[in-house]
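I've put the structures underneath this note.
Two complexes follow with subunit A in common, the first pairing it with subunit B and the second with subunit C.
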Partner chain A sequence: MNSTLPSDMRNTAAGGTAGEAGSAEEILLSVKDIRKYYPVTSSSLFPGRRKQVHAVDGVSFDIRRGETLGLVGESGCGKSTVGRQVVGIEQPTSGEILFEGKPLSGMKDREMRRIRTRLQMIFQDPYAALNPRKRVYDILADPMLYHHVAARSDIDARVGQLLDEVGLPKNAKDRYPHEFSGGQRQRITIARALSLEPQIIVCDEPVSALDNSIQAQILNLLKELQEDRGLTYLFIAHGLGAVHYVSRRVAVMYLGVIVEVADSEDVFRRPLHPYSRMLISAVPVPDPSIRDRKVLVPQGEVPSAIDIPQGCRFHDRCPFATDRCRSEVPVLSSYTDSAGKTHEVACFNVAAAAADAATASVAEGKEH
Partner chain B sequence: MDVPLPTACVQAPDGTASPSDRGDGASASSKHLLEIRELAVRFRSDFGDRTVTDHISFHVDQGETLGIVGESGCGKSVTSLAIMRLLARNGRVEHGQVLFDGKDLLKMSRTSLDEVRGRDISMIFQDALASLDPVFTVGYQVTEAIRVHTEPDKQKARAIAVDMLRRVGLPDAEAAMKKYPFALSGGMRQRVMIAMALSCSPRLVIADEATTALDVTIQSQIMRMIEKIRVENNMSMILITHDIGLIAEMSDRVIVMYAGQIVEEADVFELFRNPLHPYTQLLIAATPGITDSEDRKLVAIRGSVPENYSDLTGCRFRDRCPFATEACAAPQAMREIRPGHFAKCRLAGTVTGKEGAK
Partner chain C sequence: MQSSIRRYALNDRDKTAERAETEMQESYLKSVVRRFKYHKVGYISFWILAVIAVLAVFAPLIAPYDPDRINAAFSAAPSAKYILGTDQVGRDQFSRLLYGTRVSLLVGVLATLLATVIGVILGLIAGYFGGMIDMVIMRFTDMVMSFPYILLILVAATIFEPGMWNIILILGFVDWPGVARLVRGSVLEIKEADFVHSSQIAGMSRPYILLSDILPNVTAPILVFATSVMAISILDESALSFLGMGVQPPTASLGNMLDGAQSLTILTKMPWLWIPPGVMIILLVICVNFIGDALRDALDPTTIR
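Right, the complex of A and B next:
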């Protein structure tokens, strides 16, 4: 399904520099120490101290133009909240998000509206994300008209191009969302996101609700679009296989913080943080010949985000935890793995964990 | 055991409600723990009747884990519900036998079925919150199953329940007994359901997407725990999932289902080393793995699973299959291509997924 898109469709609103994917190491989006706390409503007659859910508790990362940053973690780790803050659905309690160097908060309404077209989102459930009473034509045309990205006379042609680009037939525009299968609906939401010529798309679990055979279609489509349009993705998912497939860099989140960031290959082959290792080794591998490998089975469950553990958030599930981990909070710092690659890891005991990993490597040396 | 029930209670989904629990003579030859013969389930709907499983046959041996893999709507869950006679009102078994230990479950009376269900065969569902009763404590629900089937004494049953909850990994089993399902996390609820399912030491447990809703680390814990108990008790298991990774990790033998039919059956090692049906080949080629090399390109299977497949003749995968020819429109037979390795494709053994990717 190679895109046969007219070249004038590409990069029209991409601000000039986006010709080649990742041509420069220019930072497109910068997230600086964002936090999001939600108040917990107390059912008690005598409410005590107001409690808060620390959904995101100090997350920072940069995304370079044209790259894909994968954000992984278990449910409730705050990865979706980060994505929603990036596109402005939710405002951070504190911290800053810079898009092309300009902070999103404190932006004037008109400027914000313009920026919104650059930051788009694809959601997990494509059916819930589409208005059931609108035809696909209107779903795609309305945002373009509202944001004046296309003249009314061009809309027909643009809708046709978008449908073609995401692999839907021309006649799809006259149909309603319920007439499509899950995979096709996700193609519609992708077309809608593309309609505003965005530079960055936040993909929040875009394939989790789809069947295996359809997931590959959508993942390949996202990759092709990235190449054609020089798009930048923040790819949020708990399906690690999909994240590995599309991402160049991966950030692992645990309980509201990032515990490890590195290039995708390095995170999946040589994870350094004990939590990353557990998460990755817990993924079932579709190859029975290695099923008797030693797997690091995590203990316990993720603690509540209301009562965050002291010190390192992972210490009570971590086999390498020391007294220091129980009192002091580790911050991301650079470590080198066995292959000489750099990871940013928030852990005091990377060396101990790495020594153990050397004896029980999970993904090492396995190629398909 | 042979006391006929008041008819109001007899609600056999197959509509026959025959009170014979002895099974029929023909089945005595079955040496498998569970044998499904030519099972056809039909559902009635406003849009017409649909055959959801199309005369499928398979077996499970003692101590074996059979994996059933397929995408949503392929009939894998309906198969498990039909085995347990738990089909919804609009579904019924049109044809076939479900022989457990040589006895046809579909012909059993309700009373003798109740002896088998829960004790000899139990089931773990995907949605634990929907499967647990919200108005009873965890302890009550786990104990109830034990009291009905194995240990009528309340105190002893309670002790067994606590022990079981501990074995499935509930940190404070005594305290958990007093809790209501809503007070537990998703992983903990799933453990409670597994404790209920395993509390009577069943000979066969059916795990239908038992860990699909859970995070991978919790899935890993729970699957390991089930496997440990399964091996200790020499239990058989039917593992139903769409996750081919889980199939590869857990199964002894695998059935691949597509659109209501079994398209391939093989030993797990054989299946992943040498998949024969194009659907299986493409399914494996379409699944991203964390150990893939950087330049791997996923193979997308074109189209999607047909929604109404009961009227399709011939190979049901042919619209999506890169190798399909006109000959595929003719009904396909399940053939044994290699010893113990069956596939329902006339091209099986002559094509590989790598060719299909081009």
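Right, the complex of A and C next:
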């Protein structure tokens, strides 16, 4: 499994596993059992029982100050909805989000909106994320003026400073978003997110819309900014390489729930949940010598989020499913992998899956 | 390492961005003007309308006679003295045409302005706030739209005194539903855009989001739609005045100048009494519509020329 990861992306999360400086262990954001159900509008004239899309179905996690939590999963698993709930664009159907120990409610009153500015977001599509009718200057200056982050007399300097920080020339402020390329626009959205001096930035697929060389630049910029400013990231992506590169811990989502949480390196090297294994083995490796490696492909399709399967959500696609999986819902509990690292996994058959993984890696080793 | 990354940022634009950049060096307004000119018919229409508007605005300076004064024989044919002849009570037809155009344009512009303001406000509120507010506003809009509005106007005209200002108010209050629907639709689309979300995340107030993020992005369709409202207003004013419920004589309007065309003798024997105002109405409406067409192309940034 090791060989499935490009070598240059492997080194970074090292050291992240052992506890970092003591102060970094403070929990900054705590998500407690959030759910988001969307009503399905029935097209029939006489709707029967109202159906709901279970986009997010009980997700909990903590993010410590200064760390990056990666949230991965395939399209439609609810990872973006989690991010949108954290920043308050959407309200959870139930559950609670605590920021510095205090619950974040809606965005109605100005006080709440001010607290919320501590949580910012970077969007996937830098073309849609910037108002086409505003100059970069106004995009950056308006929120700072509204929240009195900077005095009117300092605002020019602040805008220039922000642009410099994200690697754009000062004269960028007089231009409109359409005058920039995708990577440059993403830098503008990063500058905008930074303008209110946030503590957490939710990065919702920040590099998926960019081409490869620029992806690396943006990821490096995000890492630099994290070091300079002590930022905390919730990094949502389906590009596993990017997640591996920036994250200290990774949570794997499947159909609205988290199925595995562990340190980034452990998840990518020794995934315990069968779904995590399949997700990670699906990453293409630019190495012809392992072209015939065993790639696990789950059977069937992702079930509809309207009719959630009974028991474990993954049971009908899982090679290790037992009767228990079909009736009982597994919860996250601690397991130790072959290297002695702890993973939180929601699965009844971790042992069976691990045994299979061991034989697979032995077989892979023999081929080499 | 930092500086090297930052230097790269200036080189990472791809080819389309490069092309877009040279193209977009000009300001938005300039590129709109350029694309507007490309629409030949619209461009010509713009100048025709401009000339007519100048003539109408400066009617008091240009008109050879007082439009309401009785100068000569009734229904005199065009001559050197009265280039478009005189009407049935002996008023100079050319002077009346200038003043009539003035009234028709004024009615068109002001009624459109009123309808647009009402429609934009209601559409913004309905689209952004949604829910119950949206429901109430849109059902009210449907109601106004479904009402046979010639009837509404006739009733209103009998309750209030018919006259130019009342016509403007009536047309303005009748024409807004289309604008409201258009604005609501655009708002529903734009309020889900990520740049609106980012303003929400930045904790900006609702008035800021509505007026600074959403409204500037719906102005293009509003402008285009307003031109069609203006064309309709000009036509409606003519129709009402023709029916005697609009601008009241002796004040001239294009509609009440056509009044005479109800008589068969005038239609067949005295074309100078109805052809000029008729042609003027057609010209105004066609020009306004073509300008709207050209604006649609010019304001759409995806048309690259």
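Going forward, the second predicted complex is superposed on the first by the 335 of 368 C-alpha atoms of A that agree within 3 Å, B and C clash if a C-alpha of one lies under 4 Å from a C-alpha of the other, contacts with A are read in each partner's own complex, and residues count from 1 in each chain.
Heads up, the rule we're going with is that contacts are C-beta pairs under 8 Å (C-beta built on N, C-alpha and C of every residue); 3 or more make two chains touch, one makes a residue touch a chain.
The model shown is predicted, which means the values in this text are computed figures rather than measured ones.
Once the two complexes are laid over each other on the shared chain, residue contacts for A:L240 go to subunit B alone; subunit C is not touched.
In the superposed pair of complexes, A:E74 makes contact with subunit B only, with no contact to subunit C. Once chain A of one complex is fitted onto chain A of the other, the partner contacts of A:Q161 are absent, as it touches neither subunit B nor subunit C. Look at A:V87: by the touch rule set out above, it reaches subunit C but stays clear of subunit B.
When the two structures are aligned on the shared chain, A:I214 is found in touch with subunit B and with subunit C. Look at A:G183: by the touch rule set out above, it reaches both subunit B and subunit C. Once the two complexes are laid over each other on the shared chain, residue contacts for A:A129 go to subunit C alone; subunit B is not touched.
By the document's definition of touching, of the two partners only subunit B reaches A:M278; subunit C does not.
According to the touch criterion, the shared surface of subunit A, contacted by subunit B in one complex and subunit C in the other, consists of residues 181-184, 211, 213-214, 217, 220. Across the complex, subunit A is touched by residues 2, 5-10, 12-14, 17, 20-21, 24-25, 28, 193-195, 197-205, 208, 212-213, 216-217, 301 of subunit C. Residues of subunit A that touch subunit C in their complex: 84, 87-89, 107, 110, 113-114, 116-117, 119-121, 123, 125, 128-134, 142-143, 146-147, 164, 166-169, 176, 178-184, 187, 189, 192-193, 195-196, 211, 213-214, 217, 220-221, 224. Remark: subunit B residues 71-72, 171, 185, 187-188, 215-221, 224, 242-249, 251, 268-269, 272-273, 282-284, 286-294, 296-302, 304-305, 307, 320 touch subunit A in the complex. Considering their complex, residues 1, 74-75, 181-184, 211-217, 219-220, 238-242, 244-245, 265, 268-269, 278-289, 291, 295, 297-298, 300-302, 363, 366-368 of subunit A touch subunit B.
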